[in-house]
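Letters A, B, C, D and E mark the chains in the order given here, with residues in each chain numbered from 1 onward.
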Amino acid sequence: MDITGADFIRGMALLGAGIAMGFGAIGPGIGEGFAAGKACEAIGRKPEEAGLLTRTMLVGQAVSESTGIYSLVVALLLMFVIK
Amino acid sequence: MDITGADFIRGMALLGAGIAMGFGAIGPGIGEGFAAGKACEAIGRKPEEAGLLTRTMLVGQAVSESTGIYSLVVALLLMFVIK
Amino acid sequence: MDITGADFIRGMALLGAGIAMGFGAIGPGIGEGFAAGKACEAIGRKPEEAGLLTRTMLVGQAVSESTGIYSLVVALLLMFVIK
Amino acid sequence: MDITGADFIRGMALLGAGIAMGFGAIGPGIGEGFAAGKACEAIGRKPEEAGLLTRTMLVGQAVSESTGIYSLVVALLLMFVIK
Amino acid sequence: MDITGADFIRGMALLGAGIAMGFGAIGPGIGEGFAAGKACEAIGRKPEEAGLLTRTMLVGQAVSESTGIYSLVVALLLMFVIK
């Protein structure tokens, strides 16, 4: 087997990048969809507050997006920065 | 061990195809079932809107299906296109 | 390392059987328990419809069981049929 | 690499024990917490039925604990019985 | 392959540390967010009880944090104590 140490490190880093982004996409995806669903429910009860509710939903989703962005950053670092 | 590099790549690609489709089936399956359940709940309260609710459910489920289709495409690419 | 190719295939098939049944048990287990919980909720509100609700619950659980049975079949095939 | 067959089997058994108990702790943990939460909800509505509700909660949690105990048994078998 | 036994043990310990903290962050993250969401719901219905509800939420979240702290401790032990 002629896998050098550098090859092994690079391969594991790329596998880690896939795991980071794959699992990291689960949480924000569910959480933001939940926020969107609850916003629909609330707008369905009070359509006159649609603007306020949409703003609140987007602020909350932006916070929920954070862990997804961390995952993306870690995946990009593992792919392009780590040698 | 007489595993060539091409064999290793092909084996990992097929493992990746299984992981892609296996995990990729979880999300749409739960999400579309949730949509169907809420549609039943809503039709149970307003049976006269069954047509509108079924249409809305199917539109929403089609959007939810998208990540499942991405998983299928990635799995098929890993199986039949990547060498 | 004197692992032959046939040993490797058999070992991976058995690992796959464990993964198939292990993950495959999660979905139906949650889904059928959810159905049972909602059936309890509904019977608690209308005890006189207990027979109808129990029948509906069992029909729905039978459908939910299907993916668990697929997992069992795949696991059994991986264990006893695949050589 | 001087890993004997017995070492490999023992190592995989111990890895399996960790996986068994690790994943096996997820389900009962969520399920019993859900039962506790719903019991709180019900006691909040009818505090005079706290005794009956606590008993029902504990009976239900005991059933939910069962898969966690199976996981513990499998993990202990993999650690101390399987050679 | 010139991986010594000590290298293998250290590598697996570090992989285990990543798994411990990665999976261990899922549960408390979901549970504490659920507690926060229900606290918002309750404060939205009774804003005059915001202080009591925030205290209850924080006590409950502290308990939910415990498994995350166990994961952190296990990950730190695997990284810095285990040789």
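Here, contacts are C-beta pairs under 8 Å (C-beta built on N, C-alpha and C of every residue); 3 or more make two chains touch, one makes a residue touch a chain.
Labels paired with UniProt names: A, B, C, D, E = ATP synthase subunit c.
What you are looking at is a predicted structure, and each value in this text was computed from that prediction instead of being measured.
Participant: Can you work out the whole-Å distance between the CA centroids of chain A and chain B?
Facilitator: The computed centroid separation for chain A versus chain B comes out at 18 Å.
Participant: Between chain A and chain C, what distance separates the C-alpha centroids? Give it in angstrom.
Facilitator: A distance of 29 Å separates the two centres.
Participant: Specify, in ascending order, the residues of chain E that touch 2 or more different other chains.
Facilitator: 1
Participant: When you draw the chains as points and link the ones that touch, which shape shows up: line, ring, star, complete, or other?
Facilitator: Chain contacts: single closed ring, each chain with exactly two partners.
Participant: Starting from chain C and stepping next to chain D, in what order do the chains sit around the ring?
Facilitator: One full turn from chain C through chain D gives C, D, E, A, B.
Participant: Name, in rising order, each residue of chain A that touches chain E in their complex.
Facilitator: 1, 23, 27, 31
Participant: Where on chain A is chain B touching in the complex?
Facilitator: Residue list for chain A touching chain B: 1, 22, 26, 29, 33.
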